């Protein structure tokens, strides 16, 4: 059978890739997609800990469902902002939108 | 059982590869397609972990709804997405180093901390997981507050998104 | 339980494999004489002008958004529906409140006219 | 004899074990055989259905339908298959080749995969997983994805517009569909398809929750994407929808997927509302159960065909209004009503017939009130009155009258 560490390392890999995407991508939609990757990695971690924990509670699964709701809200509002920004600037590159820098 | 290890390795490699393509592909729609592959890989992982309800929910929510929302948004903001000369910002090497450091740090931690080499306990065969989940979600001693808050959160997200994106 | 999922896995592979064979077989026996005219994008006999990947309305986003929100709602409601027989009445009412809160969102979207096809 | 399929399965099992195969391998081979069998049956059904559908459409529209190849044209489908097999594949310029080729395969696989969980008889069940209903919903979302992929990769603006229109419609109608699926789950207290069928003995859910059945029927008809909901291929507006650029067998896959989807919807309605394999003697003779299952599914298929062949195509704004202003609110209110009533009735423990009667009355009440309210909120159509004028008047009479 598979030891717990394998799942955790797998989730860590997906999380790090997502982090790279968030830091390095220009396009806002691409950044949002990377955030989805990170949240998925979190879910894998939660479910792995639930499966390998010795008490038979379902807290891990409940947390995962809540994460689904949160990530759906996040992506909905994020993409709404993308559409709004695009309408205003005709541009959705995170580098060029810097009105709030000062 | 060797079989499950093989499946796990296949799923892990596929998902990681897909995730890499997502963050490096310049074509946004292709990136979204690969995101779907990665998310499906996560669903397969949940099946391997015997959290079958979460697995199907992952497919329903991410592939059924979030992926469609993302693709629609890409098509709505088409002109900008096409114009983009390169996918990455100038500081991408720093980002790569940072995430590699995070990954290696986490891996080192997981391999050295005690208890992570344990195997999965046998699940209670009698347990009807979905039913138990439902009872837990609405019982006052369980998670009724997050349950109701989730609906308020979704309502807020819905109204907020319409306010931001919709213009008559 | 696991045996069922193995069956589903095999079934998925078969369900993907059969159409793949059905699509690749004709590729071996059918003629292949491509030319420029034939491979042009179909547009009532007129040549395509401008960028093909046109932009479209915000409405599509709004539909996908509502679908997403109600999808999340159903994933909360399925466990609730399954365990309904073991719940006290007030727990059922909690589920009802959950539904009503989200229906308010639908009412809001309808009031805003965001769902009308313009 | 009573239990043909399980007898064969046991025989094969013994045979393979006798040849020295390990139990794991034996199970694997049996499962693979089972899934190949189901997929083959699906394709056979589609070949038959295409002929039935064309014949029926011909008769309803006062034509003959196919009548050349073989008696009553029954070999027409085979002739079509041979033709489509030898057609050239054309890939348009600028198409995204990989996505373009995956889309048709995914479209039909997303329908086929639903059959993995169907219970065909009391003991001929595919995968009786405890999330069966949600599995069906999950697989359905791949169909949406296939349409999006086909439209985007074709590099054709009509295909893209058609695809996004159909996806917008599909996801809109998926909400009432899923909500009306919640109601059988709620009544059976389980997402297992076998448990849902067991609860329907002897009262089918169509008698208990007719409103949910109706909403499910309407929204799944929209999901099939045929008339009257076939705006995505409104030829005069959008060429042929998302599969404009497809040719040969790739187009054939979309075509087959459409027919198979319609039959699958028939099977789903059978399982959720018409009692699945149940029927006289079906519990003792599982083979009868299989016949009942396919018979009922075919009957629902014919009903759907009948509806779609008799109704004209509806406009897109009407279609969206039907969904957002009628189906979704009604399905949610129905869900609330059924949930509360079911909980209260469980405590009172009435006889089963009384339970069914109360549920039936409640459902009909919700449906009638909703119909009344929606009729009231619609402004009545103003019909302009024109003076009566004969269509053709002979010049002589016209002259004499003036």
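Note that the chains take the letters A, B, C and D in the order they are written out, and that residue 1 is the start of every chain.
To be clear about the criterion, a residue touches a chain if its C-beta (ideal position, glycine included) is under 8 Å from a C-beta of that chain, and two chains touch if they have at least 3 such contacts.
Since this is a predicted model, take the numbers as computed values, not measurements.
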Any chain in contact with chain C as well as chain D: B
Greatest separation from chain D - chain, by CA centre: A
Selected pair, greater C-beta contact count between A-C and B-C: B-C
Central chain (by mean CA position): C
Approximate Å spacing (C-alpha centroids) for the pair chain B, chain C: 18
Distance from the mean Cα position of chain D to that of chain A, given in whole angstrom: 35
Inter-chain centre distance, chain A versus chain C - centres from mean C-alpha coordinates, in Å: 21
Between chain A and chain B, centroid-to-centroid distance (C-alpha), Å: 6
Interface hub residues of chain B, defined as touching at least two other chains: 50, 52-53, 57, 60-61, 64-66, 68-69, 72-73, 75-76, 79, 128-133, 137, 150, 154, 157-158, 161-162, 165, 167
Per-residue overlap in chain C, given as positions that touch at least 2 other chains: 1, 5, 53-54, 56, 58, 60-61, 64-69, 71-72, 74-76, 78, 81-84, 87, 95, 109
Sites on chain A at which at least two other chains make contact: 65, 68-69, 72, 75-76, 79-80, 83
Pairs of chains found to touch, sorted by chain label: A-B, A-C, B-C, B-D, C-D
Chain D - residues contacting chain C, complex: 27-28, 31-32, 34-36, 38-39, 43, 84-94, 101, 104-106, 108-109, 112-113, 115-117, 126-130, 133-135, 152, 154-158, 160-161, 164, 167-168, 171-172, 174-175, 178-179, 182, 185-186, 189-191, 239, 244-245, 248-250, 252-253, 316-317, 320-321, 324-325, 328-329, 332, 335-336, 339-340, 342-344, 346-347
Complex contacts: residues of chain B adjacent to chain C: 47, 50, 52-53, 57, 60-61, 64-66, 68-69, 72-73, 75-76, 78-79, 82, 125, 128, 130-135, 137-139, 144, 147-148, 150-152, 154-155, 157-159, 161-162, 165-168
Chain C to chain B touching residues, read off their complex: 1-2, 5, 51, 53-58, 60-62, 64-69, 71-76, 78-84, 86-87, 91, 94-95, 97-98, 101-102, 104-105, 108-109, 112-114
Chain B - residues contacting chain D, complex: 29-30, 33, 36, 52-53, 56-57, 59-60, 63-65, 67-68, 71-72, 75, 128-131
Chain D-facing residues of chain C, complex: 1, 3-8, 10-12, 14-16, 18-20, 22-23, 25-27, 29-34, 38-44, 48, 52-54, 56, 59-60, 63-64, 66-67, 70-71, 74-75, 77-78, 81-85, 87, 89, 92-93, 95-96, 99-100, 103, 106, 109-110, 115-117
